[in-house]
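Quick heads-up: structures coming right below.
Two complexes follow with subunit A in common, the first pairing it with subunit B and the second with subunit C.
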Partner chain A sequence: MQSNAALEYDYSLAKKFTFLTILFGILGMIVGTLIAAQLAFPELNYLLGEYGTFSRLRPVHTNTVIFGFTVSGIFATWYYLGQRVLKVSMAESKFLMVLGNIQFWLYFIGALAATVSLLLGFTTAKEYAQYEWPFDIVVVLIWVLWGVNMMGLIGIRREKALYISVWYYLACFLGIAMLYLFNNMEIPTYFTSGGLGNPLHSVSMYAGTNDALVQWWYGHNAVAFGFTVPIVGMIYYFLPKESGQAIYSYKLSLLSFWGLMFVYLWAGSHHLLWSTVPDWMQTMGSAFSVVLILPSWGSAINMLLTMKGEWNQLTDNPLIKFMVLASTFYMLSTIEGPIQAIRSVNAIAHFTDWIPGHVHDGVLGWVVFMIMAGIFHMAPRMFKREIYSKKLMEAQFWLQTTAVVLYFTSMWIAGITQGMMWRAVDEYGNLMYSFIDTVTVLHPYYAIRALSGVMYLTGFLMFAYNIYKTMTSGRELTQEPQFRTPMA
Partner chain B sequence: MFFHWLEKNPFFFAAGISLVISFAGLIEIVPNFAKSAQPLVDMKPRTVLEIAGKNVYMKDNCMSCHSQMIRPFKSETDRYGDYSLSGEYAYDRPFLWGSKRTGPDLHRIGNYRTTDWHEAHMLNPPKIVPGSIMPAYDHQFENEADLDTAYAEVVTVKNVFHTPYGPEIKKGQAAWDAHKPKVLEDAKKIAADMKDERVKSAIAEGKVPEVVALIAYLNSLK
Partner chain C sequence: MDSTDIANLQGYASFFMTVFLVIMLYGYIIYLYRSEKKGERDYEKYGRIALDDEIDSTPVEDKPASQRYKDEEK
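After this line comes the complex of A and B, so read on.
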């Protein structure tokens, strides 16, 4: 069609999902900050009556940041970079555009309704899979719509070889589809009891230890295919595009990708160490968690080496800073995870605040930083305007980096303190501390964590403001920037 | 080269990913599946009231702060009682092990806490345990427990998963109407040890507050 001229890409879907990313990011982080503060200051549990307790809000936080913020970010970046690496515009297919719009609206309405259902207390109780069965069906529909859209775009592509990012998005689609389906197998009780009780209620297809195994095979790998795989896909696109550097090593990408695909799934049972799950499964989970360092660090090192000889960009382009820091946090969190998966360490770490600490250095430092970097890179190209303020971006970077460091250091200390206190015995072998002693001692760390939440949320609001101003009053661009994102 | 070919053939690429990611589940989860969750000998499934309480436990998401998994360490068996066995969970749908102990483990709380302790504690945790950061659950004294749904769940697990309930547990409104007095009787026994006026008057009207069902469930954790 257009042989010489650059393709005119259609960013309408990418823009819509970008707005949702920011919206759900703000909502999810507000709730997160509130529940962090509740642990330090329990009076905050009573702001919204029955609906405002830590326990009711915690799944609202996790599901909003996972299925709201991160998944929107995945969709937004896919609808931007998918077209570009496949060299085909969304606008070339009416069918795909209609499908994408149905996906968007179904997703938006579904996400809001599902959040309300959690607030009201309808839950299957399995972590990150709490939605009751009607919402599960909506999730599956949305996911299939996205899959069909992705396959469709791949079907009409001009660039025959699939770029590395596409591998990862494809894996994200397939992995989540498999995990979500199997873990959410449940039977609605209304239909099997002759029409009694609440139609939303269901029971799990699996019981006890089996249910736990399926759940953590899911829980761990939802992190793999939601928080790792697509985010690696993003950095493989955005870092070379922003820096103008080619990916350091194709072979390393190959090894990391297929290694990650094979190894990740085995590690789920490290969530169940010392539980009633058969021993050999626990050992497998532990061992594969350590092996997992290889493909994870493979990707991260590939990214850092891509910047080889160009480290000066770090000083003058804040966007590069975001991405390099994201890779670094990815390395930190993928070495920390395997350490926690070692049995003797897990005996102390499990059930403590070290676990949320680990999760958050991964998500705040890696996932959110990378998604924000992606949006900063896309904004001038989607809206044809310069980024509104470089200074604001710098300030945001340092504020949020400090926040992440405060978060994980306070939770490391809190977790190890509590884990050690639970097992401490006096000279006669009696337990030294009652449980409540191990709770009150955590107050300062909970307060620090709440503060870090406020800081991170503030940084995110600065990001949202910067993007809003970019859209409305950034200097207009006549030509699309090739590499480095222009900013005022 | 194989990978260059693969990267130009999305169908085979996707098939390759699917194959590689399904290995772990097939080898690690499937083989042991049925065997690892056999019930202990003579173990009874929970009553309708206890299931209603389990649903309150889920609704207010107690598992976000409390585990039900006593690990085989002396420090844990000293604190909470015997370590947990797989068979004890055989009728639990879903499993409620939790993943975080902001509060203590509850797997054997029925052994060392009583109905009146729970009542006072749910109304004002820091009063009973100074320094506690657990919020009060006053609304559980106001809201009615959803017994219909609990019965529907019991019927479902009996018919679909062959959980060993008696012949009186049957599909349909008539069977439920016949069984309900037994459930209310169970609730009365719990409420007899409670002081709250709201609970007393609800029970007198044939209603069961959430907190009564919850305590029945907690008492069954042994």
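After this line comes the complex of A and C, so read on.
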């Protein structure tokens, strides 16, 4: 070891991205709650003219929580734990610091501009890939800057072995890069038509079924490499570090990693069951989705077993609670997904509210819980202050857990009811219900979902307040805590 | 070759690639356990990386100083 007595980890980038995570989290969840309420009470569509309609706001919600909240959380945690597991400070390389700051500002301005473009109605109309071509170029630039930064930090590391979390972040980088590039291949119409139409508009390079296949290969794997892989990377660091227990089985973590890499990319076609894509491809999508349970549960069980003999921490430390619940929701949603991907189940589930129900038990229970837990763990180390309130954290935990349960149970019931009503026929083969019949029946469940949105958003605001108070008035720490996060 | 032939060909290619990747994955599992049994590697020690992660902690596997120096020179 060289003389690094005065050397410290540099958390400036982690802090900046933490602020963005909270900002985009609040924005994305406000819009999400509003559109959930619009589905229950349609009058709410007319609050802000064309800018307040469900169709405008839905992509704003999805893109803000994916590319705003989650991606900021990925960057924030990487710039924190990347240094720590590689045992190298960002401060050791001016080049990497400058690059990181360019990435931050480009990302901040780019994300806001892209959100405004969606509000103004510029969209490619491809789910989770709605940004028009100039914004895609900015996204690619930001991603390349992050990749160079990550590789640079790995290049100057002291720890030779790459910890399992680093593998996951690397996979996130490579996976998203590949998916985003291929699915966003588009032709700007203005430049190819000799100046007709809007310069921002483009059309996909693929057509028909091919377009759908590429889109859902992207859509499903955006979940894989955005909502699963980096979040698993986070829990593999934060849970052992917070609990002071090494991963239960490092070998299992390696196996689960390669299993996940191997299986996930093939499962996307389950979004196109009963469609015009070849049968073998639909079967492959279903089969790989079921196999996907193994690597997913491999990671989740590994995390739960990490707590072996230390379950008392679950009652003492709310942060452990957040992470154990996140892991449990990961298990729930990774068993629910494969069930929905079985052809016969899919015949009922497809296009119904069960699908957003599934998505949200994954994202609210797993992704958001894990990112918040990561920030709670990082905050005292970054700001050198104790967490402002343990009680507030506990209250937030129970409020948000109840909200997630309300969300997915209401959507399970709504989705299955909807699916059954769409298929119901009388003895002559005529459809028994019209669309409006289903809307009437589903109204109470939509209202419950909107309520759960309000509860979850309130919990997130409590989280933001707790972090803000930690930064400004938490008790100062003289020494960095080794494992357990100190809280008042 | 018409589109049905191409679709069939794609199906077979996917099947054989799956078989190949399954063999690779199981090969990797066997490799992990065998190398640990023979005493060549200890994978579980890497779990300590998350716990001993201070900047002055001793790395679980030190990157050779000469290599790090070379990197710093760049």
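Definition applied: the second predicted complex is superposed on the first by the 481 of 488 C-alpha atoms of A that agree within 3 Å, B and C clash if a C-alpha of one lies under 4 Å from a C-alpha of the other, contacts with A are read in each partner's own complex, and residues count from 1 in each chain.
The criterion applied here is as follows: contacts are C-beta pairs under 8 Å (C-beta built on N, C-alpha and C of every residue); 3 or more make two chains touch, one makes a residue touch a chain.
Computed from a prediction, not measured in an experiment: that's the story for all the values here.
Look at A:435: by the touch rule set out above, it reaches subunit B but stays clear of subunit C. Touch criterion not met for A:47: it reaches neither subunit B nor subunit C. Legend: residue contacts after superposition of the two complexes on their common chain; A:262 is shown touching both subunit B and subunit C. Within the superposed three-chain model, A:87 lies in touch with subunit C and out of touch with subunit B [touch as defined at top]. When the two complexes are overlaid on their common chain A, residue A:124 makes contact with subunit B while staying clear of subunit C. Once the two complexes are laid over each other on the shared chain, residue contacts for A:278 go to subunit B and to subunit C alike.
Taking subunit B and subunit C in turn and counting the residues of subunit A each one touches, the greater count comes from B.
In the superposition on chain A, A:156 makes contact with subunit C only, not with subunit B. In the superposition on chain A, A:254 makes contact with both subunit B and subunit C. When the two complexes are laid over each other on chain A, subunit A has residues 155, 160-161, 254, 258, 262, 266, 278, 281, 284 in contact with both subunit B and subunit C.
Taken together, the subunit B residues at the contact with subunit A in this complex read 3-4, 7-8, 10, 13-14, 17-18, 20-25, 28-29, 32-34, 36-37, 55, 58-65, 67, 69, 71-73, 75-76, 78-79, 84-86, 88-104, 126, 129-137, 139, 143, 146, 148-153, 155-157, 159-161, 171-173, 176.
Taken together, the subunit C residues at the contact with subunit A in this complex read 7, 10-11, 14, 18, 21, 25, 28-29, 32-33, 36, 43-51, 53-65, 68, 71-72. By the touch criterion stated above, subunit A contacts subunit C in their complex at residues 1-2, 4-5, 7-9, 84-85, 87-89, 155-161, 163-165, 236-237, 240-241, 244, 246-247, 249-251, 254-255, 258-259, 262, 266, 278, 280-281, 284, 483.
Subunit A contributes residues 38-39, 42, 45-46, 49-50, 53-56, 58-59, 121-127, 151, 154-155, 160-162, 167, 170-171, 174-175, 178, 182, 187, 189-190, 192-198, 201, 203-204, 206-215, 217, 254, 258, 261-262, 264-266, 268-269, 271, 274-278, 281, 284-285, 288, 347, 350-353, 355-356, 422-425, 430-431, 435-436, 439-440 to its touches with subunit B in the complex.
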